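Pasting a structure below so you can have a look.
Order of writing sets the chain letters: A, B, C, D, E and F. Residues in each chain are counted from 1.
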Amino acid sequence: MSVFLSNLSSPPLLFFFLGVAAVLVRSDLEIPAQIAKSLSLYLLFAIGFKGGVAISESTIDATMLLTLLGAVTLSALIPVYTFVLLRRWFPLADAAAIAATYGSVSAVTFVTATGYLDMLGIQWSGYLVAAMALMESPAIIVGIVLYKYYGGQQRGAVQNVSWKALLREALFNGSVLLILGSMLIGWITGADGMQKVEPLVKDLFLGLLCLFLLDMGIVAARRFGDLPATKTTGSDGRSMRPLLLAAMLLPALNALVGLALAVLLGLSEGNALLLVVLAASASYIAVPAAMRLALPEANPGSYLTMSLAITFPLNLLVGIPAYHAAIRWLL
Amino acid sequence: MSVFLSNLSSPPLLFFFLGVAAVLVRSDLEIPAQIAKSLSLYLLFAIGFKGGVAISESTIDATMLLTLLGAVTLSALIPVYTFVLLRRWFPLADAAAIAATYGSVSAVTFVTATGYLDMLGIQWSGYLVAAMALMESPAIIVGIVLYKYYGGQQRGAVQNVSWKALLREALFNGSVLLILGSMLIGWITGADGMQKVEPLVKDLFLGLLCLFLLDMGIVAARRFGDLPATKTTGSDGRSMRPLLLAAMLLPALNALVGLALAVLLGLSEGNALLLVVLAASASYIAVPAAMRLALPEANPGSYLTMSLAITFPLNLLVGIPAYHAAIRWLL
Amino acid sequence: MSVFLSNLSSPPLLFFFLGVAAVLVRSDLEIPAQIAKSLSLYLLFAIGFKGGVAISESTIDATMLLTLLGAVTLSALIPVYTFVLLRRWFPLADAAAIAATYGSVSAVTFVTATGYLDMLGIQWSGYLVAAMALMESPAIIVGIVLYKYYGGQQRGAVQNVSWKALLREALFNGSVLLILGSMLIGWITGADGMQKVEPLVKDLFLGLLCLFLLDMGIVAARRFGDLPATKTTGSDGRSMRPLLLAAMLLPALNALVGLALAVLLGLSEGNALLLVVLAASASYIAVPAAMRLALPEANPGSYLTMSLAITFPLNLLVGIPAYHAAIRWLL
Amino acid sequence: MKPCKRIEIVIETPMVPALIAVFKELDIPGYSLIPEVRGSGDRGVRRADELSGQSSNSLVLVACDDMVKIERLLEAVRPLLARSGGICLLSDAQWLRH
Amino acid sequence: MKPCKRIEIVIETPMVPALIAVFKELDIPGYSLIPEVRGSGDRGVRRADELSGQSSNSLVLVACDDMVKIERLLEAVRPLLARSGGICLLSDAQWLRH
Amino acid sequence: MKPCKRIEIVIETPMVPALIAVFKELDIPGYSLIPEVRGSGDRGVRRADELSGQSSNSLVLVACDDMVKIERLLEAVRPLLARSGGICLLSDAQWLRH
């Protein structure tokens, strides 16, 4: 219980609540768009660099390689069963987009989890950052392939999506590239490089995370406010219930799968938590951008609202400490 | 005298002059708008957090509560006599808007005063930040009420202003909410939280204040350059003299009132200066935004120019050390 | 050789490559425009302040004054011979604009060179920052005078350029003013002032330089990609070869001239390298902005592409260590 | 292609929520909004450089083919502009059906 | 002055590269683009506040006096808008020759 | 509503002060300005991504009902555009009186 409370009372989480509160009282508090975007770039840059330096200081062993392999598999596997589960409740395009969204990861949830571990003084390994970077793309590709296979037959859709453009979007998406690139540079320059950029990359990290989560609180709460509208605009007149349920149950289900993998790999407490968080979190940057290009018929009012307005805060507030409690109980 | 010189030769003030100089030589030097806005958010966040942590470390006593009460009273009282004094020289709507502007406070003037105190090694208490946050709103409400009472009879104006929207704007204005929220979070997380965000909140403070004052120098000097135009566009053909005089005399008058209150409360040197600065300073963010909604008939060429182009630099350059000298002489 | 490698493997340079790579794989990675602009303002502010503080701590001597004089002469001289050399291969307006571009300097190349020296632990003097600031303007004026003299006779152009506006642009250009102003403020406030802004001005410097060079890598690579288009859109159907050659040979030639001056002045290793880098680098902020106003008939596809897409990366990657090797060999 | 009207409104940014409330009331679902527009008019220069957002305008574009709604919109916009300034232009256009 | 058509397209920002590819294909060299446009339409509110850029629109203005190209452009834009939303307006204007 | 002309000018940002000086000279008090417009034209792509501001355009909108002033404005804008590029479009509109 104390772990829940100490999570909720950390400055970043409290700033997330401040952002939510601002929307609730209809304040005009707002982080300018370019600053919010830059804060997100900063987080990717910093976490990537830190991860790379950490890798440069450790030895490459079997657990590391197997974890990376497992992470990629997870990112490809989650969309498959998610799609199968959801296709009877959602339009096909939406089911495929949601599947891709939940197979991929949320960098900020991951970053918050590392902050949570640091706060508790629990060790974690830099290669988990690599795992995160590698999990962004496969889900996108699997999601599209599923739609193409099941949806294509019916409606002949997607045929004019260029596979080249899609692959590029999946692999060289701005956030994927920045985190991979920063990791590579951190790995090359090692402790020497870290010393030079430490004040930016390490010292400011938690403070800037507070500001970023303030913005995320605002954005998520606005989206949540749009939810009833989402329902009425849906041309099919479906109810919102499947959406809400899926957004709350999918992270739990995926966390379980991630947990199983972590136990199988024999990961340490910190690493296990991060892998579970990766499994449980859903993308709201890379995947939605890719989906607009590859699957514009999917309704962002479904997949984006689910990941941003429900799953993201849920993981932040309850998920991380809950997964942690489960791991402690198991290990 | 030396106190004036050391104030003028501090880096933040010098950067303010650089901004003014840039406008005078018609340079294209400019801080991008979203960055300027973010610097202002940063200052509110940092000063709020610092204040909250300071409160968490001190005990709540009578002086604190009386100071907060006094600050709110001040913010409600100043608009009343200001309106009475000004209504014969200014159109009614302008008089009300100016009254609200001078009853409210300028966070950056406050922040600069805390920097000035820190520079001289004089102690001040965190709850003054709370006083500042509490002084933003009452003035707005009093200003509108005054106009509604005196102006409404004549012209039936303002009736379609929604009181709900107005109260929301006064109480949950972005800057009010951010400072109150950050203060609350600082108060909850205390020294522990501070340690995590210290590099952002404390170490960078003075450097970023320099950049922000550079921008304020530019903005204030541009506004000052618009002054002659303000005169000719005024449909009533009034002279600018009342405007200039009011912008210079109101801070002095309000400082006196603030000084009396500080003596009455028996505040320490540092706290007294901050309370006086709060009384003497005028808003150029929260109040103008609220006035555009509630009193659009008031001319921002009056109230905004007065507070931004005259009172703000005056307080920064001459006011702070002058009020300080007066306090020293009294105490 | 090792000096080349250690230059190439410093974090800032590696982030430049990451930016180039992002364009090559057609990623959507991008630093928002206002942030990029602010990073550039930050670098000018920080380098100016540091330079000013350094000057305040040293004594003004003959070498310093002669170096400043030499730098101004260099900035006025380089455009003359550059114009003479280029006018047979380029349209007159383009030749004049290129001449001004190469007479002026690139602040970021300079900043990277100081980072390079710091990395190797080689001393350099703060007044070189003054030299840089003084070299921005003369080249602009000389370039326009040359065009007016040679081109004016033929086509009666430029007559409606206001000299006042031009001088203002040359002398009070945003970047010139910011660096001169920050230097002055650093000089006035000295070590005391530095202590207050050190976390921003010194500690974050290399980290933010990384982010800025990431952006420069993106911008330079995009420009480079535009090169073939530049050729076909040229109404005169000229080949691109002179452009490429000039952009590669001019820095080498100018570096030689700078080197001769450095030897003549008897500068130390670090100072000599900085002077050579100033000579060899070309402007892509101040001069292009001035040229659009004073010489709009010149094609930015020539001068801007040359300085940004070729000379800038060339100096960064090969130039700095090569000039350093030459200086070591000579001294 | 169907004929329609383009309505362009330049209004100060703090008034935008009021304008959008009008759209909602009149059931006008479609609009596009460009924030951070500078300008100059009877009330002086607006440089979009102030922290209050007070000196920044927004440009709102509405395409609409229902003349009744347009009439009502113009009526509703008029007092907003009268109180706080700005302009409203109406012009003809063809709307691409898709 | 020569008569021409103004074509205004509001489309979500991630689709802009596809639109510009269409311009290149049809040999339309001139356009102007306003990024970070907010809006609302059949697909809900777009607040331009998301990190994916997904909720931000762009407004693209094309002046063109070649009716054949315009026809082709409209044909090519239609499916883009049909898939991902947005509007396209066509109006008359005079182009200042310089 | 009164009939008026909409004048739209896309010009590179460094030239904006010159354009506004023209407005002042011709006593045209009202305009709206959208900064950071990207574009493409005879002089290549302008990505608004450079620190010199050189590659960024601005879009300026002027509503005016005085034909004499409009004529003069067009005359004054022509050489600006001829030197540094950009476009100027003129179209008809109705101006909502308020």
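Keep this in mind: a contact is a pair of C-beta atoms (placed from the backbone, for glycine too) under 8 Å apart; a residue touches a chain by one contact, two chains touch by 3 or more.
These figures come from a predicted structure and were not determined experimentally.
Colleague: Farthest from chain C by Cα centre, which chain is it? Let me know.
Modeller: D
Colleague: What chain lies farthest away from chain E once each centre is taken as the mean of the Cα atoms?
Modeller: The chain farthest from chain E, judged by C-alpha centres, is B.
Colleague: For the pairs A-E and A-C, output the one whose chains share more C-beta pairs in contact.
Modeller: A-C
Colleague: Centroid from C-alpha atoms only, then distance chain C to chain E, rounded to Å. What do you get?
Modeller: 38
Colleague: In whole angstrom, what separates the CA-based centres of chain D and chain E?
Modeller: Roughly 20 Å, centre to centre.
Colleague: Using mean CA coordinates as chain centres, what's the chain C-chain F distance in Å?
Modeller: Their C-alpha centroids are separated by 32 Å.
Colleague: Two or more other chains touching the same residue: where does that happen in chain B?
Modeller: As it turns out, chain B has residues touching two or more other chains at 30, 33-35, 37, 199, 203-204, 289.
Colleague: Where in chain D do residues touch at least two different other chains?
Modeller: In chain D, residues 34, 36, 42, 91-92 touch at least two other chains, as defined above.
Colleague: How about chain E: which of its residues touch chain A in the complex?
Modeller: Against chain A, the touching part of chain E is residues 12, 14-15, 18, 36, 42-45, 47-56, 83-85.
Colleague: For chain E, which residues are in contact with chain D within the complex?
Modeller: 8, 10, 34, 36-42, 57, 59, 74, 77-79, 81-82, 87-92
Colleague: So in the complex, which bits of chain E are touching chain F?
Modeller: For chain E paired with chain F, touching residues are 1, 4, 6, 20, 23, 29-35, 61, 63, 91-98.
Colleague: Help me check something: in the complex, which residues belonging to chain B touch chain A?
Modeller: So the residues of chain B touching chain A come out as 33-35, 37-38, 41-42, 45, 168, 171-174, 177-178, 181-182, 185, 188-189, 193, 196-201, 203-204, 289.
Colleague: Within their complex, state which residues of chain A touch chain E.
Modeller: 30, 33, 36-37, 40, 218-219, 222, 226, 229-230, 233, 284-286, 288-289, 292-293, 296-297, 299-301, 304, 308
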